[in-house]
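What follows is a group of structures, each given as structure tokens.
Heads up, the next two complexes both have subunit A, just with different partners, subunit B and then subunit C.
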Partner chain A sequence: MIDNSPLANDPSPFPDLRQVRFARGFVTVLMSTLVLLLVCLMVAPSSVSAGALSGSLPFAAIIAIVGLGQMLVVQQGGFDLSLPGSVSLAVVIATHLPSGNDAQLLPAIGLAVVCAIVAGIANGFLVGVMRLNAIIATIGMNALLYGAVFAVSGGVPRITTPLMSAIAGGKVAGIPNSILFAVALMLLVSFVLKKTVVGRRFEAIGANPAAAHAAGLRVRLHQTMAYVYAQLLYCVAGILISGITREPTAFQGDSLLLPSVAVVVLAGTSLLGGRGYPISTVIAAFFLNQLSQFALAVGVPFSAQTIIQALALVFGIGVYSVRWRRSARTRSN
Partner chain B sequence: MSGIEPMTQISRVPLTDAKAVQPILRLSDITKEFSGVTALSDVSVDIFPGEVHAILGENGAGKSTMMNIISGVFGPTRGTLSFGEDVITAMTPEKAAAFGVAISYQHPAVLDDLSVLENLRVALPDRVFAGGDPRAIAAAMLEDVGLSVPLTARADSLTVAQKHLLEIAKALALHPRILILDEPTAALDQDATDMLFTRIRRVVAGGTAVIYITHRLAELRQIAHRVTVLRDGRVEGRGMVAEVSDDALLGMIVGRSLASAFPPKCAEVAPPVNFTVTGLSTRKVRDVAFSVGRGQIIGIAGVEGNGQSDLMRALAGLEGWQGDVRLNGTALTPAEVTAQAAYMPSDRHSEGIAAELTVRENATFSAVDRFAQAGIVSRRRELAEVRQIFGSLAVKTPGLEAGILSLSGGNQQKVVMARALLSQPGFILADEPTQGVDVGARFEIYRILREVSASGVPVIVNSSDAAELEGLCDVVVVFSRGRIAETLHGAEVTEDRIVAAAVKAHTHVASASAAQAKPRDGKARLRHLIQSDNATVIPLTAVIVALALYVFSQNGNYLSAFNISNILLLATALGFIALGQTVALLMGGIDLSVGPLSGFLVVVASFFINDGQAPQTIALGFVLMFGIAAVVGTINGCLIRFANFTPIAATLAMYIGLQGMSFVLRDGPDGYFNFAVMDFIGWKLGPIPLAFVVLVVIALVAERILRRNRAGWQLRAIGSDENSARRMGIRVDRSVVLAYVAVSLFTALGAVMLMAQIGVGDPQQGVSYTLASITAVVLGGTSLRGGRGTFIGTLMGAVLLTEVLNAVSFLGLSQMYQYLFQGALILAAALAYSTARSRAQA
Partner chain C sequence: MSKATPMKVALAAFTLTTALSATGALAETPSWCGPNEASLALLDGFGGNSWRLVTTASGAEEAAKCPSITQYEYADGQGNTQKAISDINSMAARGIKALVVFGDAGPAVLPALTNAHRSGAIVVPYRVDVGGKEGENYAKFIGSSFVEDGKSWGNWIKETLPEGGNILFLSGPAGNSQGLDELKGMKEVLDDKYVFVNPEPFAVTNWDPALTQQVLSAEIAKNDKIDVIVSDFGPSLVGALPVFKEYGRSIPALATSDGNSLACFWEENKDANPDFKLFTVATGNDNVRLAVQWAVALATGGTPPADEIFKAPVYENSVTGTPNPVTCRKDLPGAIYLSAELADDAQAKAVGQ
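Let's turn to the complex of A and B:
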């Protein structure tokens, strides 16, 4: 009856590659993206030209970064509607305070980060400690953040500093810097989630808060921190926008809320909470962006593009809800 | 065997003695399998009218399965039920109800968010209340079971005992021919139990057949005529209660099982004590004391729900407790207890494993800090430790990176044990460690627990399987009603002694007046008002009036007829959409698509309702608006109920899609609306727009339906507790889809108002109403958890929100304040309501 499992005799510290199963979300998103690129090459080569890509990729990078933030919150079973306010606040702080003066840029960024941390802690406190519904708490916080946006800017746009524009809009080895930022943040989030104590516990709590609680983990603290991490990522996105766009408006964050949720869902994270997939989320941002580019190139009017996004979203959720049903069946057995 | 048929002689011929009475219900050779696991096999039972038939057996013997088959919750795999002459193979809850079966569940199907009266009305058919004042009839039902609580009291203010009585009252009110009572006295005190027995004797005298499920032999003697004993899904014996001795019954409940495979017990008679608990009390447990010697395993026994799992959770630090806990002689603070404990939960799926994580991640998430340096996990150390512990626990897994669900139940449980051991705990709490575990793995788990205990780590095992405790434990503490009924040592630890101590205990719930409510007086009535869903109306009115007066004092034009009608017109559009949102939130959902839907409907209308169009065309425009809304609502509802979308995901996709459709139809503002139509919509009675009056009337009607109508109760029942709603026979899927259609139709009414406001088909308008509607509903006091809400509150929330936004400009404040007020208002309201609610519950 009792035998030693073969595992005990296997000294290799590396996982057996044959056992690595890629997450279904990763496979789905990657395959969809490859198919889309192939279709683009055949049908609308202009949408994958170097010029088109370098024009559109910075926006994909922004969606990727806010998507990562939204992912961390959704992973904990939350939902962050304060994203528009916090992105817009970072934008106006980074443009209005320096007012074109490079020397003032660093303090402005510092202030933006402080604001993000404060907003994150407030969100986390309301949701994690006061147990308010995440939607209500973040709607309220969004309004407060927009109040701050108007306090800083009065609602009028201002031109960005040359330095910020060089940092965010520049290129290294032909690659837009914003892409590098997005990739670096993706690697950072992946590393923290997979390789650190904090991240591993964060994932476990998202996957099953009740089990984590029973095992003695500090569930509320980690859930609170999710909102802080998210705000920091939104803040980075906002600062980058202030560099990419010459004269960013005070409502720059509004258009990012829906894509941020869409990429999280497309990447396979359940809106009920669970595991987050940072790499898939970033690929999904690229996919969503490329889908728009493709639609534009083949002459679909700009107006119809959101319909395509909605269909992609329904398709994505459909794929995962089938999986969910199957695992639910296994569970009941 | 005095008067009882041993199982081996059971034949398929009629089971009764030559009695003239025909059975009212006959179960013939019923077998029920759940995906390969047999819960009942070849069970035949006859139920006679005018008798109490007790069903006896341990946890997992198949009693609940049998009840669920009789009440039609699921059909038998094989076998038939006969009601008198009717032979039935496929049973449904509707058929069972038609044959006069009523059931009182062990866990009452009582909806916390509804009042006592509403609980009765939603669960019982209308005919019960026909021919009289429903309140009087309901009051008589409560009187009947000796439950004295106000009909308007919310069910969450009831004690557990009161909920049980309410559940029993619902079953009795149907005047059933067959009444099933599943552990009805578990939470009742002596007086309530006596009253219930009197009541049962009365219905039996009237010819009703009562099926009485219990664990307690003492009760059996008091109330039952006939008894059937189940064990492991089989009929172990049956007979007349008067002719069977307690010992014979005990023998049938317990049976014999192989004890050979258990590891040897602790050899020392009095080993040094390393873990003691004295005077420990929690909410459900009183004054518990026991001690564990080095190398001993302590078992916790008792009939399920008598405080055993509460003790385990308290020692794991998951529940508050008072008392003294000592590990190796040192007293532990609650924080230290939490840190030292390693708890293996009984419900593996909900609390033990994280289904999305791999085997390795499941094993290490609590101990992961031990493998880390400066917060970064060393993969090498982690893998080495996991391999070592998996080796010693003999975990069989396809690989460390395999999904946890690919393992068998036994191996999943070993992973949970591995997690407990890796965290190097001070003591181990194993709650039902072998539930859902196959036989082979079961004995390995026993061996591991023995080894852990021998290594000096105290082990406490809670199990509902007395045979398991006999084989595994050195000391067994038997619980009854939250107290220790008996502590068994050494040779006393036998299955018979454990079961006897648990089922023979006579203790009843201590609180003498558990079923009595506080006296009714003015204060209680005020409390009920504060707890009611509409309580928010008073503070909202105060805030609305106070704000209006303040702004008026600053700017005399604020209360001009023009501005009042302006505010009310704006509030009407928001109000209609917010009424829709209230419906979604009441059933525990949400509809994010209302904003874009209202905008889209306006754009659609802008093609038909123009100057110079024929009246028919204009009428067609309105028909299209409501038709499209109904379609959108149906799609939302179907995605949520039939395609497994979460409400957020489904309505978010709809949000994006509708926004796109608006832009497809119009890429900029165009299509001016017909002036006559707009004039009509904006028609005023003095400063009050007619449309606002319509909104108020609709809100009042909706509120009345919500409180007084079956549709309203059903909606709130679903939001309150979907499973209980389903058990009551509510068609949840249909109701939810219809509710989403209602949400969209309310939104269409809002779109009509929006049309008059904007005056042109603008694809950019409307979107903001999603967030505004949620804000208005929250201000009104509807809970996002579902089940509780108010249309009147929502209406006032919409007025207040509009008033605040309007006031900002009258006070000469910048746009910043518009946002700040809005944010502060929603957060203040949410915080105030949530604290008020938690206070009310405390």
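Let's turn to the complex of A and C:
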């Protein structure tokens, strides 16, 4: 019983057997990734060549970052369907306002962040305080954000600034900068979730809002903040896309919604809320991206990509439910 | 006297201007513009990208050439089939005489078009095949010859690579008829010496620059030798082509459709990439002009144009410079199409820059 409580997981730096059993989601996703890499090496070695990796990893980084945002919302038992709108809005603000002028980039990024915070607070207020259904509230927010996307861009793409291109598309020691951003954000989210009071309270509320409320925690505030954190992560992802892609469209967020949910589920975060697994989420993003690259390299039509992502999602949910039933049975025995 | 002279001068000037403009109007009234007054509506299935904005502005400009068109309306379906259908119905109900329709949703809009046709409107769908029959479901369909584009690319590939070579063909969503027609055109011209290295029938990119980037990097990793890339949406390659640098390879020859951002990209990168030759066909914004001409001719009693299908002309050729050398206009937005008849600054205005 104690093992199942998120608060009882002592964040000790020394892994013991108990922790290994706990991180089954992590083991599953890591093993799946290693198996996939092995298959890639044998069947489609071109998909793991240095060039292919440096071409595709920036997109894995984007999925990882939006996945981290979605994870925080899912941890509170919610869903954030405003992701496409907020990513697209960050993209168009970062490309249209500077219009190729580096000097205007910083104010544009500032505005994108402000928009993200406003959208996050609105989402959080509707879901956390007004108790609206998360799916409905965030779909509405998505429509509003797309309104803003059209207001800024008129649906027209614009070429990114050279500075943004250097920041997001550049490399340090051969590693694409976007990867470094994703890893840094992963460490930040992990640290805050697992090592700070705010983070521990956040997870406790996700696991059992009623108990957390009884314990005197500010449930609504934390649930509201989940949407704000998520929007900030989407915003970073959007800004990075505006640098990775030279002339991004105004609808660049559309293809990220399904992958964002898929990586959260693959990483073992329960859709009912509770513990989050940031590191597993990032590995799952790499897994999903590599799966697409593998499919491309062996010549599966790209139209099958969505199906592959959906299957990965079903697989993730399947693994999770089977584990849950088995542990329940062992307990009753 | 001092008061009367300016009056006389003004009157003379007025008479002269009126006479001149009347002569001008007479001389400029095209043969497809008949004497009967009519109203015209341009109905777009989706209006939210630069190509559509330029196309819409082109359609409006073409309709304005005919003084018999007394009312001009525009509706944007916003990518929503239901809205596109209701736009068609409401224009027909308002008694608009001529409807020029970009039927993005394909056969889904056919029933609405048929109803409008039966109620007496002149319905001219263009570019996207909506099914149905001429005279039964609508007045006239003005298609675009994508097979012709494929042939133009094929001929240039033969000139550029007479010994044969590997071709990578990228198109939009899976199974889109435009890509299939272009492939048909290329295959008519190219023999077995030319090998398509992409999955049959084309590599799917959804015309999305981010997806194009991913697909291209996977294809480059897979194929050591790509001699020419064919794409039916050139500007979407601008973000993806730098991937070749990751592999230490030159960007290969490129046969595609035009766009200002692509031309500028070629200018910037041609020196570092010795194999980077560029050939473009016009991206086809002027397809709408032919459709408007037909609709106006049928609605106002003018003479219909001779062409029934829009053939995109060859536009740029970096090797021979004919019909045009690659033209980059850095002072204008990247998202405009210099091949379109619409003036450059009018295009810049249309895309809001």
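Observations
The rule is short, and it goes like this: the second predicted complex is superposed on the first by the 303 of 333 C-alpha atoms of A that agree within 3 Å, B and C clash if a C-alpha of one lies under 4 Å from a C-alpha of the other, contacts with A are read in each partner's own complex, and residues count from 1 in each chain.
The rule we apply is simple: contacts are C-beta pairs under 8 Å (C-beta built on N, C-alpha and C of every residue); 3 or more make two chains touch, one makes a residue touch a chain.
The shown structure was predicted, so the numbers you read here are calculated from the model rather than taken from an experiment.
In the superposition on chain A, A:150 makes contact with both subunit B and subunit C.
Of the two partner chains placed around the shared chain by superposition, subunit B is the only one that A:275 touches, whereas subunit C remains out of contact.
Looking at the shared chain after the overlay, A:216 reaches subunit B, while subunit C stays out of its contact range. Legend: residue contacts after superposition of the two complexes on their common chain; A:136 is shown touching subunit B, with no touch to subunit C. Look at A:204: by the touch rule set out above, it reaches subunit B but stays clear of subunit C. In the superposition on chain A, A:159 makes contact with subunit C only, not with subunit B.
Of the two partners subunit B and subunit C, it is B that touches the larger number of subunit A residues. Residues 150, 154-155, 301-303 of subunit A lie in contact with subunit B in one complex and with subunit C in the other. Within the complex formed with subunit C, the residues of subunit A that make contact are 44, 46-47, 49, 51-52, 54-56, 59, 99, 150, 154-159, 241, 244-250, 252, 255, 292-293, 296-297, 299-303. Across the complex, subunit C meets subunit A through its residues 47-50, 53, 173-175, 199, 203-206, 208-211, 213-222, 235-236, 238-239, 242-243, 246-247, 261, 333-335, 351-353. The touching residues of subunit A, when paired with subunit B in their complex, are 1-5, 7-8, 10, 13, 15-16, 19-21, 79, 81, 126, 130-133, 135-137, 139-151, 154-155, 195-198, 200-201, 203-204, 207-208, 210-217, 258, 261-262, 265, 270-272, 274-275, 301-311, 313-314, 317-318, 321, 324-325, 327, 330-333. On the subunit B side of its complex with subunit A, the touching residues are 35, 316-318, 338-339, 341, 343, 345, 349-357, 361, 364-366, 368-369, 372, 375-377, 379-380, 383-384, 387-388, 390-391, 394-403, 405, 419, 423, 440, 443-444, 447, 590, 639, 643-646, 648-650, 652-657, 659-661, 663-664, 667, 763, 771, 774-775, 778, 784-785, 814-820, 822-824, 826-827, 830-831, 834.
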